[in-house]
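Below, chain A partners chain B and then partners chain C, in two separate complexes.
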Partner chain A sequence: MEKIIAYTGYKKKDFSACLGCKICASVCTLNDFSMHANPQGLLLKILLGDNTITDDPLIKNCVSCYRCTDACPWQIRVPEVVRAIRETLELSSPFEKAFKGSISIWGRVYEPYIFMNAIGFLIKNGYLKHLMKWTEYISFHLPHKIKRI
Partner chain B sequence: MNVLIIGGGISGISAAKVLLKEGHRVTIVESTEDLGGLMAKIANCRVGFKTFFDEIHDRRNLTIIKGKNIEHVEKNNDGIYKVRIEKEGEIEAEKVIIATGLMPYDPVEIKGKRILTSLEYDSIIDQKKEKMPEDFNKIAFILCVGSRSKEYPLCSSVCCSYTIREIKWTLMRSNPEITVFYNDLRLFGQEFFLERMFRERGVRFIRTNTRYFEEDENGVTIRFYIDGEIKEERFNYAVLAIGLRPNQSLINLSRLFGFSLNNHGFVYETAPLTAVDGKIYICGGAIEPMNIKDSILTGFGAGLLASMGKDKINDFLKHHERYLYKEREPEFIIDKDASSYLFYIGADDTFSSMFYEYASSRFVKIAKELIGLGKKVYVITKNLVVPSYGEIEYELIKEEGVIFINLEEGEYLETKDGKVVITGGKRELSFNVDRMVFMEDLISGHKTKEFLSFYRSEPQLRWSPTKWNRERFHIGFIRHPRAERWEGREIIGALAEILLDKEEERVIPEVNEERCSGCGSCKNACPHNAIEITQVPKDVAIFGLLSNTLNPVAKINSDLCMGCGLCASTCPSDVINLPTAQ
Partner chain C sequence: MEYSYYPGCSLTGSAKRLDMATRKILLTLGYTIKEIPEWNCCGAVEYGNKEELIRLSRENLKKAEAVSKTIIAPCPACYRNLKESNRDGDFNIYNPLDMFNVADINKLEIKKDLKKMVFTPYYGCVLLRPKETAIKNRNIIEEIITNFGGEIDGEKIRDRCCGGNLFFSNKEMTEKCVNLIASRSKGIFVVYCPLCHMALNTFSNRKVVYITNIILYMLGERKNI
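Then we have the complex of A and B:
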């Protein structure tokens, strides 16, 4: 757990300030989809050294919108803690890795690269049903005419 | 001596009261058009302020300047402040009392038509208006808005109390469904009895907070997280319990008068109630967020300091020490051998609840000591009461590594096979600790818990915060289990009250013992319980024989008597006389 904390570049005292008020849970984007996410509970789990941390809906789904940080009285940056946990526990999927790799190489999303790296993952999890939609985007990289008005 | 009081709120007026009694000339400068400050903004306290102020409003030595600000201050070689007030000219003052008070936080980002601040709500439940508006059927109270945050880390220490009173006034006039969202219920003394009463009447208390409001024409939807899941509920109105911040004018005043402010924007207290030794004194909300009762206490204290100075007060203290009554605090020692500790702050009955502030502050102190020794410390709280600067202590020990866990409503602590388990709700957390300390252990040291029932009825306690009776003034633990910084303030405040009390002219009625029949009607009429019916032996002649009998006769206890004269007017046979009435 200390590793996670170190990874955030965050000191423990930055989020030990948590009052336990659960304001973060009330505004969390995930709760728009009734995922019962509770950032305060996550922070408490880290402090207590709980091992069930990977099951938390936040670890799976947090979108780093920083709504919690905005509402938090102590402006605790929960998304950064979540990101650190994902990195340390190596929870990111091959797709995520490929996506990030693409960003680090080209500075933007380059679909052929992502396909190359994550095709196994995409097939396995049945993401290929979205292929039709994707090809529309991919075609952007092929030579095409620009519509003129 | 000329004394300038900046701010005409309750603490400024209290200070003026003491100074006028001592025969000084007092000038009050108030920046708004009305006296009373924050207290007069609260509908139910306005009358109280008026009666308090009416006692001094026509004194010749009192000048009140309203709606004016201080422009310039110069201090000459004799140490006299020359203060220029806009459009009013210059006045001279030897001593200055800063009583600027507090400023309510304005939650512009949240409030709306259906989301009211507590001050707005207060004007709705004003008792002068006949009825509550019709659509107040379901109300949510949200605590801790604008305090206990990074921006302003202090606890405002009054929001919980005034919310519980707003609920009282609401329930007195109609019967809506009420829900309270709280972090900690920071109530004091008897207010816990109110809380229990409201719980029994169906007011819902939920230990979670929220900032998710969806407001529309007819109401507001609030989302909150409780028992491991997110819930949405619709309310007619939401009331935000706004915190109190330091007055912004203090920044300007500190530059003009040359005193310093602390990190949080309050005046730096060099000695109890003192900003600049021998010259500038502070009281009320200029020191820290405090309630009306404490504002009066500090106001009295600052007034006494300005009129007497430190040395004379020490003298005064020597002569009147016997009046100050202090309850001895029993020692509580925890052995420091174990490697992990668990503290539990939670009371089941209302009576122990009154010890919350006491237990919280003591446990925070002990936890700080233990974490310094490298121990593992958990604090499980049902309610944690650390008002105003206590909140900062609490934040600090969290940084150092003490882990606080809040119990939700319905959860409780259990010991199972040597482990401590939080159960009762949806989660189940267990701890392996060497040593457990419960709040009950701490307060069981007080062999008789009775002394807390010494609390008198609330209004009485407020107008004379330390006075129990004319011979006994409570300070320290018995008045309120306060933090150490209050000790000095309380002593000075109590001395000021003794001064106010001693010189008060009082008329004590006389009973004609010969004619009194001991009917007891005066005893029933007395609002101060000052009359007792005693049995006095008397020789009676029955058919020429002298015999001894006991005659019931009313006796007036001069310590408790306030000289109101009710007994004299109720006596059916005109036996009681008020000496001045003739």
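Then we have the complex of A and C:
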């Protein structure tokens, strides 16, 4: 839990600032699809050190839209909290791992590398059926390795 | 005055056309831009450790000093990350949408208008939220379109999420978000984000264009929108 809090960029006491008004839940994109998301509950669980956060629908589905932040009286950045939890629990998809892999090799994202590295994941999860719609994104270029990060 | 230009990774690959169009329009509007030498990836939204994410963009700010402390960053994710890392406020960071305005475009030679065309301006998340990193004029796309005779639809979904962040981890969520947006709007989607472009294009059957396409069309640089 300490690691999660450190990753968010907040301090533990910052989580106690939440007023419990749940305006975040009222604007949450997930609730447009009846997914029972409650960002306020997630913040409270972190403050209390409750390990059931892994089951929260936000962990799998938060789209990082910042609607909650926009509505929050304290502008609490729930999406960044969710990302910290995902990183701590090592929930990255193979695509996201390849993304970071590309950055560590070249310092930049080289899309063909990510595509090839995550090809198994993309096939298994039915991404290739979209290929026809992606032709306009294809442009040939070689990777550029930057001198330093 | 010379501006630092930070294209970002997408604009060197899948959104190359957005890069070329943005450079062209900025040049036409009289901005002199120079790419930041040896810029690195901003990390987009892939880093759960905020300090690590901020560090990447701080490196870019250091590299930008060689050109100018006023930076133009087209990709919304890069733009946001650069702004976040500018904690001391030493740099001025803009999205090209901050540079586009109706008065300046009006001064150019407009060859075609947008009459009888219907558009859904779609900003998505990052350009408008959080407030402290949002673009200056939150209606810029609408202003450009209506000023040149185009019609607007889908005002209520302009800042809904396309779910693009989860495109490559949980695409069912992206599909749901796009279906919601598409069902509450009509016409051509007008975006300025490579990820919104990809999400809307993949899961809706509507045409999706960058606002730069529209400007270049009006200037006679493109045959079609």
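Assume the second predicted complex is superposed on the first by the 123 of 149 C-alpha atoms of A that agree within 3 Å, B and C clash if a C-alpha of one lies under 4 Å from a C-alpha of the other, contacts with A are read in each partner's own complex, and residues count from 1 in each chain.
The rule is short, and it goes like this: a residue touches a chain if its C-beta (ideal position, glycine included) is under 8 Å from a C-beta of that chain, and two chains touch if they have at least 3 such contacts.
Remember, it's a predicted structure, so these values are computed and weren't measured experimentally.
In the superposed pair of complexes, A:Y127 makes contact with chain C only, with no contact to chain B. Of the two partner chains placed by superposition, chain B and chain C are both touched by A:Q75. Contacts of A:R83 after superposition on the shared chain: chain C is touched, whereas chain B is not. If you count the residues of chain A touched by chain B and by chain C, you find the higher number for C.
In the superposition on chain A, A:N38 makes contact with chain B only, not with chain C. Of the two partner chains placed by superposition, only chain B is touched by A:S26; chain C is not. 75 are the residues of chain A that lie in the contact sets of both chain B and chain C, per the superposition on chain A. The residues of chain A lying in touch with chain B in their complex are 12-13, 16-23, 25-27, 31, 34-38, 40, 44, 47-48, 71, 73-75. On chain A, the positions that touch chain C within their shared complex are 6-9, 29, 32-33, 60-61, 63-67, 69-70, 75, 77, 80, 83-88, 92-93, 95-96, 99-100, 102-103, 107-111, 118, 125, 127, 130, 133-134, 136-139, 141, 144, 146-149.
Taken in their complex, chain C has these residues touching chain A: 9-10, 12-17, 38-41, 43-51, 54, 56, 59, 125-126, 129-132, 160-161, 163-166, 168-171, 173-174, 176-177, 180, 198, 201-202. Within the complex formed with chain A, the residues of chain B that make contact are 144, 148-150, 183, 208-212, 222-226, 228-230, 395, 398-401, 403-406, 429.
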